[in-house]
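One chain, subunit A, appears in both complexes that follow, with subunit B as partner in the first and subunit C in the second.
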Partner chain A sequence: MNIVACIKETPSTTAEKSFGPDMRLERRKEDAIPNPFDEYTIEEALRQQEKHAGSTVTILCMGPATATDTLRKALAMGGDRAVLVSDSALAGSDAIGTARVLAAALQKIGFDLALFGSAAADAYGGVVPSATAEFLGLPLLSYASKLDLSGDSTARIQRAAEIGYNEAEAPLPALVSVVKSINEPRYPSMKGIMASKKKPLDTFSLADLGLDPSSVGGAAARERAISSEKVSTQRKGEMYQGNEGAADRVVAFLIEQKVL
Partner chain B sequence: MGQPFFLPSGGRLGAIIFAILLVAAWVAFALRMRHLVRLMLLGRPENRFDHLGERVKYFTLMVLGQRGVLRDPLPGVAHFFTFWGFIIIQLDALNLWTQGLNFTLPIISSRPFAVLLDFFVFMAFLAVLAFTYRRAVLRPRQLRSQNHGMADAYVILALIALVLLSVVGFEVFAYAASRGADWTPFGAIIGPAFSGLSVRAATALADIFWWANVLIVLSFLIYIPNSKHLHLMATPFNVFFRNLRPIGALDPIPNLEEREDYGVHKVTQFTWKQLLDGYACTECGRCNSVCPALATDKPLWPKEIILGVKEELFTIGGLHLISHEEAEEKSKTEPMVGGRIHDETLWACTNCGACVEICPVSIEHVQKIDDMRRYLVMEESRFPQEVTPLFTNLERNQNPWEINNDTRADWAKGMNVPTLAEDPDVEVLYWVGCMGSFDARNRKVATAFAKVLQAASVRFGILGPEESCTGDPARRIGNEYLWYMLASQNVEVLNGYGFNTGAKAGSNGHNGDGAGHINETLAPTDAAQPIPAARAGVGVAPGRAYNVKTVVATCPHCFNTIKNEYPQLGGNYEVVHHTEFINRLIETGQLTLPAGFDRRKLTYHDPCFIGRWNGIYDAPRKVLNVINNDGVAEMPRNRNRSFCCGGGGGRVWMEEKIGKRINNTRVEEALSTGADALAAACPFCITMFEDGIKGVGAQDHFQVDDIAEILAHALDAQPAGVPGSTTTTTDGGAHA
Partner chain C sequence: MATSAKVEMGAAYLTTPVTEEHFLTPEKFDEEQRQIQEAAATFIQREVLPKTERIRHQEEGLVPSLLKLAGEQGLLMIDVPEEYGGADLGLVVSGLVAHEMRESSFAVAHGAHTTIGTLPIVYYGTDRQKRAYLPKLATGEYIGAYALTEPGVGSDAMSIRTRATLSADGTHYILNGAKQWITNSGFADLFVVFAKVDDTKHTAFIVEGAWPGISTGAEEKKMGIKGSSTRTLYLDNVKVPVENVLGEIGKGYKIAFNILNIGRLKLGAGTAGGARSALDMAAKYADERKAFGRPLHGFGMIKKKLAHMASDVYAAESLVFRTIGAVEDARVAAGEDRQAQLRAIEEYAIECSIAKVFGSEALAHCVDEGVQIFGGYGFMDEYPISWAYRDARINRIFEGTNEVNRLVAAGTLFQRAMEGRVGLMPAVPEIQAQVASGTAPDFAAADTPAALRESVNLVERAKRAAIYSVMKGAAKFMATMREEQEFLEATANQLITIFAMDSAVARALDAVRSGSTDAHAHELLAQLTVLRLLPEMRAAMEAAITMSTTGDERRAELAKVRGYLGDPELDIVPVQRELAGIVAERGGYPLR
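Up next is the complex of A and B:
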């Protein structure tokens, strides 16, 4: 079985983020990490590989040429090879553009199961998995908290509901997006880190994928950021101390806040 | 060479039989020893042949002087006499053997030797009684073992007793048989009682005791290397080859990026010295008795780790001597780590070093534990789940939390503390550490220490965002690679600001010919010594505490890592702990305090990483003695016997799910002194004790303060003036 884990390179969650004059997030190479949600994507790919002997895991990413470092970090967890789609014409792509590229890359790689995180920690759009499925004309099982592949032909997932869970299934090949509760991502072992340096890593350009540069990138983007402002993270706390009246004041506060 | 009074082996035939037995026993002994040495050499190489002079000195003290065992008086004194009794009885055995072969040697057949012998026979006999009493009646918990029953010990005690009795028996009847000519104290005292015996009968009885002695001693010779009393042979070597590197440092993994294996999971991955540790272990269990993990019911028996490794060596190692393939196969199907030695055992260790400190035979437990942790982390990724975010954050944010490292200097905002980027010429770098920089509680310590430095007019700076975690938690948990990355980065930064005092001092091009005397300036000293030309511009202020660029750390873990481990990466720095630095400021008159300002009853907790691992016990106490007239109300376990807070060895980042909580146990001990407050000197200790104080419900009447905080309180209350200009030795003011 060919399993492809689709990941994104994002700035570190703690990195100072700023927008350039073109209202695009300024990405610094030294802040780049694999999207934290995608650690679950990779982990799930590896667990499915362990369960299905003879499977291969490919890690796929669209990003700048420097994203090879991020892919090596991802490969340290495991997987057989990585593919980076990188092309100067891709700069400024929106979610739909990204999905178009990933769909083309997935088709070129060939797959039975393509895994996605439910969103990326930088933009939180969450539409890439479904848009990719749409471009491919294949089913997407979204927000999976559990994934079972039976007989190499069907994917069955559980999706947490308000009470209990829903179950859904689809024939392979299919796309699945996963949520954090699906697994506990492994920490790369030293062997993994060393092995990752020797694993094959291919870079595809738009020409390799047969895509028209005008269909992707900033020019083709239909969504764009309009403005941004810094959010103050200073939290104001109020402290009531002592035995006299503190409880009453807490209750009064909660009533005021319509909690009670 | 003389002749004995009679031939105790009982004639020519007896002498021949004895000679055969003697040779056979020695051959059996030699074969066993050869086997043990071959097993030991399955281990990896390690150089323990350096500093021979120091080794001889320590050997004399610990082996001949028995200083290690004497720290525990009852078994210590008993052991002293058993040890020396054993040596002297060996000489007597030689005496008896030569007699059996019909000749005698000078000195050991003399009367003065007989007096010495009988004195030690008597004392050793008392010692055997004391040992038996301790083992059978007192039954200290530390003597219990899972790997090994009690039988071995009783067999040995019985053998020793029988050897002693046979020596006395022989002496008595030899005296009687020789009609007093073969004089010995026991013979002279007890012998006359048998004066009624015929010479023939007395000789026959003497022969019987002689044979008894010979047979017991020869059995002992064969039994020793097959029992826990192998320590008789191994301990002197183990003490001689002990670790002379800074004990606070873990050994690095060589060729980290080019090797196939990490840490230890097979017994043959230990070094020969680590394997010798197992031979040297006498199973006394002192390590068990001081282990904070064991004391709070964690599944960690330090002794069992040493014995477990030894058992593993006997089984897997023994197989190696026959077939490497089979041995490798067996160590896969029956792994040592996760099998004989459980994961939880390894994770329970706080790296406090109490076991290493107390061990009378120089066994190094902690390095072994961390070697096996390295395997778990680096090869298997098998570790407590809560450690994953720690590693990830250390990698991405250079601190243990999900906090941007750019905010590292935020605690000092408005305090007029420069970063080295702003003022690269400062004399003193305050290494704040992650706790002091980010943790709300420990930021107060950083602030307090900065105030103390300012009050003493010390020109200092911090690194701010250029400082990264030293790597201590990563290394202690077993992630050597992460330690290496963080440490390399820090070494580069420190070297960049000219803090390296090592041989590389000429590398900045300023003082290529000044390198010859730079090492002399390493030791902290008051005297104005020549300083490297590159720093001459800085100048040495009168009364300056240190005259090389100095790193001061409030965190003992940072301190230990920079001081003892960064030299492994070529980073040699003058590093002092803040308690030492403050003490020095007081002693040189650079800092004056309102003496006796703190009126509380204080106790002091020795942090493991400045105490046991670095020998800093006095400086913090001296400071407390100045600020508090009553000084320190000591806890029962103090100084090198201090009981860990539970936070070392990366434990502060892990959950404590098994047994009692170590921090609560220590807080209870602190409360038992009747103290109002616990003076601390380590951010991990403070964190653990803040929890522990709440854990035992003592927050209303007990608190934990860093020594710097106690001083800052005093300085805050001091009337405004020029700090340090007057000596305030009288009461500095009322304390709330």
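Up next is the complex of A and C:
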């Protein structure tokens, strides 16, 4: 079985963020890491590979040419090879443009199961998996908290619902997006890091994928960021001190909040 | 000595201007090295630290299982050649991994296995011995140990009494004796054992733990590193095949001494990491704990402690990784021959000893102040800082006591100076002229950042004042030098403080030149290193002069060197307050 884990390069969650005049996030190479949500994507791909002997795992990423470092980091967790789609015409792509590229790359690579994270830690759009499925005309099982492949023909997932969970299934090839509760990602070991250096890493350009540069990138993007604002972390607190009715005020507050 | 431009001579820091030094700093680790460092840190965080309590109680099988897990992840194969199942990643990576160990008992077990348990075979083993043992040591299938110390025989390693007698048929040596305080002995599968053949020939043997006649005593009850296994190893008519003689008969002491250089260096990396860990704990507590309505780090005396701890870590890291970089360059330049590699490493014997002494003493200071910042809680068993305090103490004792290492550093310097291997003599006339006139040129190059100009000048004057005082004593004591331990100590203390100041200032210059976003933190750390260590250097220099002169000459010489060295103009209080502010803001050691 061919399993492809689709990942994104994002800035480290602790890195200082800034935006350019066009409201695009300024990305610094030294802050780049694999999207933290995608650690679950890769882990799930590796677990499915362990369950299905003879499977291969390819890690696929669209990003700048320097994202090869991020892909090596991802390969340090495991997987057989990586593919980077990189082209100067891709800068400024929106979610639909990204999905168009990933769909073309997935078609070129060939797959039975394509895994996605449920969102990326930078943009939080969360539409790339469904848009990619749409371009490919294939089923998407979204927000999976459990994934079982029966034989080599069907994928079955559980999706957490308000009460209990839903189950859904689809014939392979299919796309599956996963949530954090699906697994506990492994951390890269020293051996994994060493092995990652020797794994094949291919780079595809738009020409390799047969895509017209005008259909992707900033030119084709129909989605634009308008403004950004820092989240204020100032919290409102009230302090009750001493013996002057502090306990009564706490109880009153808890009743007001419907805790008691 | 190799001719690569990168390879500098041992002790060259004494005569090379600080502004012209370029060496490995933690800022220059490459991507792969950083990733492996992170992998080691994550391993410790996820697999070891949660089990600290169980490790301390020596839960049966726990440390060996953690070592085997480390082996599965590759953390035991770093120094082992690829053809014997290793990764052969070199000393920078193994130093970085040692730096991240944090849990002291596990660190000692890991260090004993990977350094003194494995390296003797890497450097001295025959191909057959390497094939038989290295792949197993690299994975952790075998746990290694090193058995040199005996009851009553420690630093005087030549006086061991364990005997090795050749069997009548010439196929075996029969080993008899007792080895004391052997790390990992409770579960080791392989021991490098030192014994004397025919009562005189100091020789190393590879001994398997399962062989008949091997037994161990009870676990020692120690002050710290309680989780590491420390027992007496008894050898009762143990038959060791002659093929398991390691190196040459009668040359076992070479193995013992040469491997120690690497051991000391890695211990320097480990203790620097331990010091950083103590600072991180103390900084976190100083933020959480409030007294008189403000966090502890709002008080001047606590600020001073945090800043001093940060400068300890900075100086230790700087000199340790500088030495590791130089040693690794020299080792690689020496080619494939392992003996040539060891000779290249030996070139840095002074720096290796300093790394051990400075690292362990920086750690001692940091855990002591760490406990102090925690106050009464720091004295309580459930607070990790109290364990760090106990665990730290052994580091000034093992791998050569700090006294022995001071003798090595100073003794090696004088020996090299006599052999003309250190460029001290040619520098003397100019230094004498400068000291006599009491004026020094401005040593800061035009492009030296303003914040570091004074530090550069103090370090350069300290180097010259040290050479002056040391040469003064050398003239008087040369014939009896071995017996002049107090003078050797005063010499070593100058070598140590100068290497620390020099390494810190050169690293900060590098950070500023390369436009680091942390450049200002580097400047403060280097400034504080100089302001703190200069008085120590001065005391050692004055001690050396005092020992080698009397009466009017003493008064005149002391006045000359004091005048030449001068005093800093920079005020220490604002430096330490600002630095402590950065430590508090970042929640620990400011550089990552």
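Heads up, the rule we're going with is that the second predicted complex is superposed on the first by the 245 of 260 C-alpha atoms of A that agree within 3 Å, B and C clash if a C-alpha of one lies under 4 Å from a C-alpha of the other, contacts with A are read in each partner's own complex, and residues count from 1 in each chain.
Rule of thumb we're sticking to: a residue touches a chain if its C-beta (ideal position, glycine included) is under 8 Å from a C-beta of that chain, and two chains touch if they have at least 3 such contacts.
Predicted, not measured: the structure shown is a model, and the values here were computed from it.
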The answer to whether subunit B or subunit C touches more of subunit A is B
For A:L260, select first, second, both or neither according to whether it touches subunit B, subunit C, the two together, or no partner. neither
Figure out whether A:A91 sits in contact with subunit B (first) or subunit C (second), or with both, or with neither. neither
Subunit B versus subunit C as contact partner of A:T13, first or second or both or neither: first
Of the partners subunit B and subunit C, which touch A:A225 in the superposed model: first, second, both, neither? neither
When the two structures are overlaid on chain A, which partner does A:A76 contact: first (subunit B), second (subunit C), both, or neither? second
Just checking: does A:I33 make contact with subunit B only, subunit C only, both, or neither of them? Give me first, second, both or neither. first
For A:K191, using the defined touch cut-off, is the partner it touches subunit B, subunit C, both, or neither? Pick first, second, both or neither. both
Contact residues common to both interfaces of subunit A (with subunit B and with subunit C): 187-194
Footprint of subunit B on subunit A - complex, ascending: 12-16, 33, 184-194
Interfacial residue positions of subunit C with respect to subunit A in the complex: 31-32, 35-36, 38-40, 42-43, 46, 72-75, 78, 87, 89, 97
Given the complex with subunit C, which residues does subunit A contribute to the contact? 69, 73, 76, 187-194, 197
Along subunit B, where are the residues that touch subunit A in the complex? 257, 262, 377-381, 383, 385, 387-388, 391-392, 396-397, 402-406, 481
